[in-house]
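Below, each structure is written out as structure tokens.
First chain A sits with chain B, and in the next complex the same chain sits with chain C.
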Partner chain A sequence: MRLINQRLSRPAILALKLAPFALVIIAYLVGSAVRLADNPADKLLPAFASMADAIDLMAFTADRRTGDYLLWTDTWASLKRLGAGLGISTALALCIGVAIGIFPVARALLGPFIGFVSMVPPLALLPVLFIMLGLGETSKIALIVIGVAPIMIRDLSQRVLDLPREQIVKAETLSASSWLIAWRVVLPQVLPRLLISLRLQLGPAFLFLIAAEAISSDSGLGYRIFLVRRYLSMDIIFPYVAWITFLAATADFGLDRLRRWLFPWSQMEGGT
Partner chain B sequence: MTALSLLNVWKEYDDQIVLENVSLEIAPRSFVALVGASGCGKTTLLRLLLGQEVPTRGNILLDGTPLPKEPGPDRGVVYQRYSVFPHLTVLGNVMLGPEMAGARIWGRFFGTRQRALQDSARQMIADVGLAGSEGKYPAQLSGGMQQRLALAQALMMQPRVLLLDEPFGALDPGIRSDIHLLMQRLWNSLPMTVVMVTHDLREAFTLGTRVIALERHRTRPEEIDRYGARIGKDITVWPPRVAGGGTLYDPQNKAYGDDPVGDVETAGRPDQHKRL
Partner chain C sequence: MIITRRIATKTLSTLVVLGGSLLAAPAVAQDRTEFNVAWSIYVGWMPWGYADDTGIVDRWADRYGITINVTQFNDYVESINQYTAGGYDAVTVTNMDALSIPAAGGVDTTAVIVGDFSAGNDAVFLKDGESLADIAGRPVNLVEFSVSHYLLARALDSVDLSERDVSVINTADPDMVGAFQTSDVTALVTWNPMVSEIATLPDAVQVFDSSMIPGEIIDLMVANTEVLQENPDFGKALAGIWYETAALMTADTPEGAEARAAMGAASGTDQAGYEAQMAATELFADPSDAVAFTASPEMGSTMDLVRAFLFDKGLLTPGASSFDAIGIALPDDTILGDPENVKFRFTTEFMQMAADDAL
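So, the complex of A and B:
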């Protein structure tokens, strides 16, 4: 039988799904054990036990100086920035993307411009943002927006343009105005795509967030990682990375579920 | 009742002439079938009538007034595909037109207006044979049911002209003949003129009152761009069909009845009046 036609049993699928995760963990444990056997003071690959201590310190022990539980304050600070950045990007993508998709004037005016702007490397603008917008929250949120919004706008406007022309004409024969076409025909059909686009942009958004926090901040997940890096505290960095990954994966999963729940038709054949 | 007139209509795309000097009078309540080979401009002609395209030269009149330059609610359309909205249920699709016509800002009705519209939409859905599918999405319907839905959606606007672009071309023969019956019934009962593009001659003669064939009269490769299609044949279907009436061979049709079978009144002899 050809490999492409293989039928897997459910347990086999589950085992295969878990295998890479198990493999990474085992590789880490072996590497860590080897290095620690060599040098008990090794900081590069700490044992799980010392990581558990670090997690306890960061998440469940109040900071001696501020009285905060650092992991949670860091998470909250980072998520606020991420939420603001992604929220603004989503709103921009909806308004500008749909406008570019349906209005010839907006398409001619903004299409090439957005395409050009989306090629600007956002991290190269980071110093400019810090100088112009200061070191506070604004510049970090602005970095996320600059990095994420143009791509989302392009994706969404393309999705609007991909709607069959027949649908638009049909809506016109049903007495729709431009506004009603945008509101009742185009917008609901691109919302599922917006959620998909948002999912795909979670990764870049975290990248920009951590880059901004690494350079200038007093809280946040990225700030903490780059702070403890000075002490080679891999026992803190690893859990933080795992936590960020978990947050991103949860958001990814949640957005997908949200899309299926809100737009059941988008899962069906012929949907977006 | 709506008459359509095309007066010396030309349609060119850049250097290519698609339609060449097409003139046509379409009587109110006709069912015109446009036939012709692929690429002879049938669909272009339909788009001109729809307002999706504007003629390069010539005029199109709807009841004597020039056609608006964009599609509007007086002309309904059903395409072969993409005629219904995948994000709305059957009921939502059928209600969409009246909702957008009546609520210019939100495009939705609420309360009593919504309930009234729901009732008439359900009536229309039942009329096209989709009763029971109100809550389904188009992707859950078969091709034939989707086209029924597209018809219902277009007819909710009570268009004066219904334009059909190969609407039944992708359907199985059995389903197609069912939907032909539906189409005939709708054309008979609603005050509209129908123009249908089809490449199926049988369908054209089954449904139409008039069959118009578009033809390119010059087809040599060096000529094909510079000569468009014209009306090649214009056939009035015989026996004549009249919207709302039957044909000569329709036994229930009294107008043409010279047959003793049926409900025939014998002039001056009421005693002879009987059903055989």
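So, the complex of A and C:
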């Protein structure tokens, strides 16, 4: 039998799905045990028990100094920045992206400019942002917007340009105005794509958030990781990384469900 | 399916072995002849880079029949973490970070060379303020949990304030100079070379610096105690390298000026800039001065202040119930803290050899 025709039973599929996760965990446990046997206070690969202690300390014990539960205040601070950054980016992508796609004036005015701006490496701009916008929340949100919005705008405008020209012409023969076409023909078709585009930008958005928080902050998930990195507290860093991954995966899943619920037809077009 | 499962088991066992061997890298070999030293850019540590460039390192290593690889790190914390993880045998570090990173991480660490202490290299700056007391109620930008944080705690102590009276904002050290020029930063703590940059800004008022707590922020060359005990020649070579270079760089000769110019260039300034930083540093070029300083009773009281600070910040070890959790051995064999868990040692052994010309 050819490999491509191999049929797997359900338990086999499940086992294969879990295998890579199990492998990573086992490799970690072995490495950790070896290092801890050598030096019981080793910080590089802490045992799961000390990670559990760290989680308890960060998430369920009030901080001695401030009385806050650090994991939750960090999460809240980061999600606010992320939400603001992605919200602004999405709004910009919708307005500018659709405009570039259907209005020749907007396309000529902004198309090449956005294309150019999207090539600026945002992290290289970080020192400029901090000096221009200060060290507060504005510069962190601005970094996310600068990193994410141009890509989303380009993606969305391309999607508008890809719409069959016949649809537009047909609407015109039915005497629709430019605005009506934008509203009734273009918008419904690109909204699902906007959500997909947003999903794909979750990873970069987290990257920019953490980079901004590492430079100057007093709370946030990235702030905490870079702070305890100073003390090689991998028992805190590993759970934080897992938590960030979980948050991103949840947001990804949630946005996908939202798209299917709002635009059930987009699933039938095979909308990735 | 059976085949799949067998392959899976096989891959699994291979990976476990691979993972185990990869992660279990640091092992102390006997009779080693090759040693790795990490250093980072700071006024008191520039001599290590200069000694490496000019062959002083190789000369001393050859004398003891060993090889010493000197590596410069652009990131200070990363160099300490690499040392703690076992990748390096010795590293340049401050007394506070040596206690909180390698010692708290269970790596028994010995201070081979007490190179200098900060006497103005670390400073507190204010905008629109006359004296330190004006810091009350302000946000303070600094690298949290660093010697800057310690300096702030000591500064606040001196005017009967505490950290509750300010709010601390963690800020990366390369961005300090830029940060001070933005309007929302009104108080800041940092170290050199940023201190000399910020001091030239028109609205900066320097209200406190490390010369007001002399001898508390100490720059060391530390080595893994186990490696050092098995290979005392490594310690001797380090002492030889340090005192030859220190004598050269403090000499009022053309060679000395050239060394200072080279170290200035390597740290991003010039000879004059470097000499200004040296003026804010109490460098022990004479080994007998270093021995006297290390063996003095003040060393014990300094480390008491440092470990109390670290315990207060929860940095000594996660579960530490008191600041006695980690033992610190002083040169006269008195031990601060837990005698069963000594992880940080001061010794005058190698510096004394240099003083006695016994290297």
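One rule holds for everything that comes next: the second predicted complex is superposed on the first by the 262 of 272 C-alpha atoms of A that agree within 3 Å, B and C clash if a C-alpha of one lies under 4 Å from a C-alpha of the other, contacts with A are read in each partner's own complex, and residues count from 1 in each chain.
Operating definition for what follows: contacts are C-beta pairs under 8 Å (C-beta built on N, C-alpha and C of every residue); 3 or more make two chains touch, one makes a residue touch a chain.
Since the structure is predicted, the reported quantities are computational estimates derived from the model, not experimental observations.
Peer 1: Once the structures are superposed on A, label A:Gln167 by its partner contacts, choosing first (chain B), second (chain C), both or neither.
Peer 2: first
Peer 1: Where does A:Val185 make contact in the superposed view: on chain B (first), on chain C (second), on both, or on neither?
Peer 2: First partner only, chain B.
Peer 1: Just to be sure I read the superposition right, which of the two partners does A:Phe263 touch: chain B = first, chain C = second, or both, or neither?
Peer 2: first
Peer 1: Is A:Phe238 touching anything from chain B or chain C once the two structures are fitted on A? First, second, both or neither.
Peer 2: A:Phe238: touches no partner chain.
Peer 1: May I ask you to decide whether A:Lys43 touches chain B, chain C, both, or neither, giving the answer as first, second, both or neither?
Peer 2: second
Peer 1: Counting residues of chain A touched by each partner, does chain B or chain C come out ahead?
Peer 2: C
Peer 1: Output check: A:Phe206 vs chain B and chain C. Expected answer is one of first, second, both, neither. What do you get?
Peer 2: Neither partner.
Peer 1: A:Ser177 in the overlay: touching chain B, chain C, both, or neither? Say first, second, both or neither.
Peer 2: First partner only.
Peer 1: Flag every residue of chain B that touches chain A in the complex, lowest number first.
Peer 2: 50, 52, 70-73, 75-77, 79, 81-87, 96-97, 99-101, 104-108, 137-140, 153-154, 157, 159
Peer 1: Going by the contact rule set out above, which residues of chain A touch chain B in the complex?
Peer 2: Going through chain A, the ones touching chain B are 164-167, 169-177, 179-180, 183-185, 188-189, 263-266, 268-272.
Peer 1: In their complex, what parts of chain C are in touch with chain A?
Peer 2: Listed in rising order, the residues are 1, 4-5, 8, 11-12, 15-16, 18-20, 22-24, 26-27, 77, 81, 84-85, 100-101, 104-107, 141, 144-146, 163, 167-172, 175, 178-179, 181-185, 314-315, 317-319, 343.
Peer 1: For a test of understanding, state which residues of chain A touch chain C in their complex under the given definition.
Peer 2: Where chain A meets chain C, its residues are 8-9, 12, 15-16, 19, 22-23, 26-28, 30-32, 34-35, 38-45, 50, 53-54, 57, 64-65, 127, 130-131, 134-136, 214-218, 223, 226-227, 229-233, 235.
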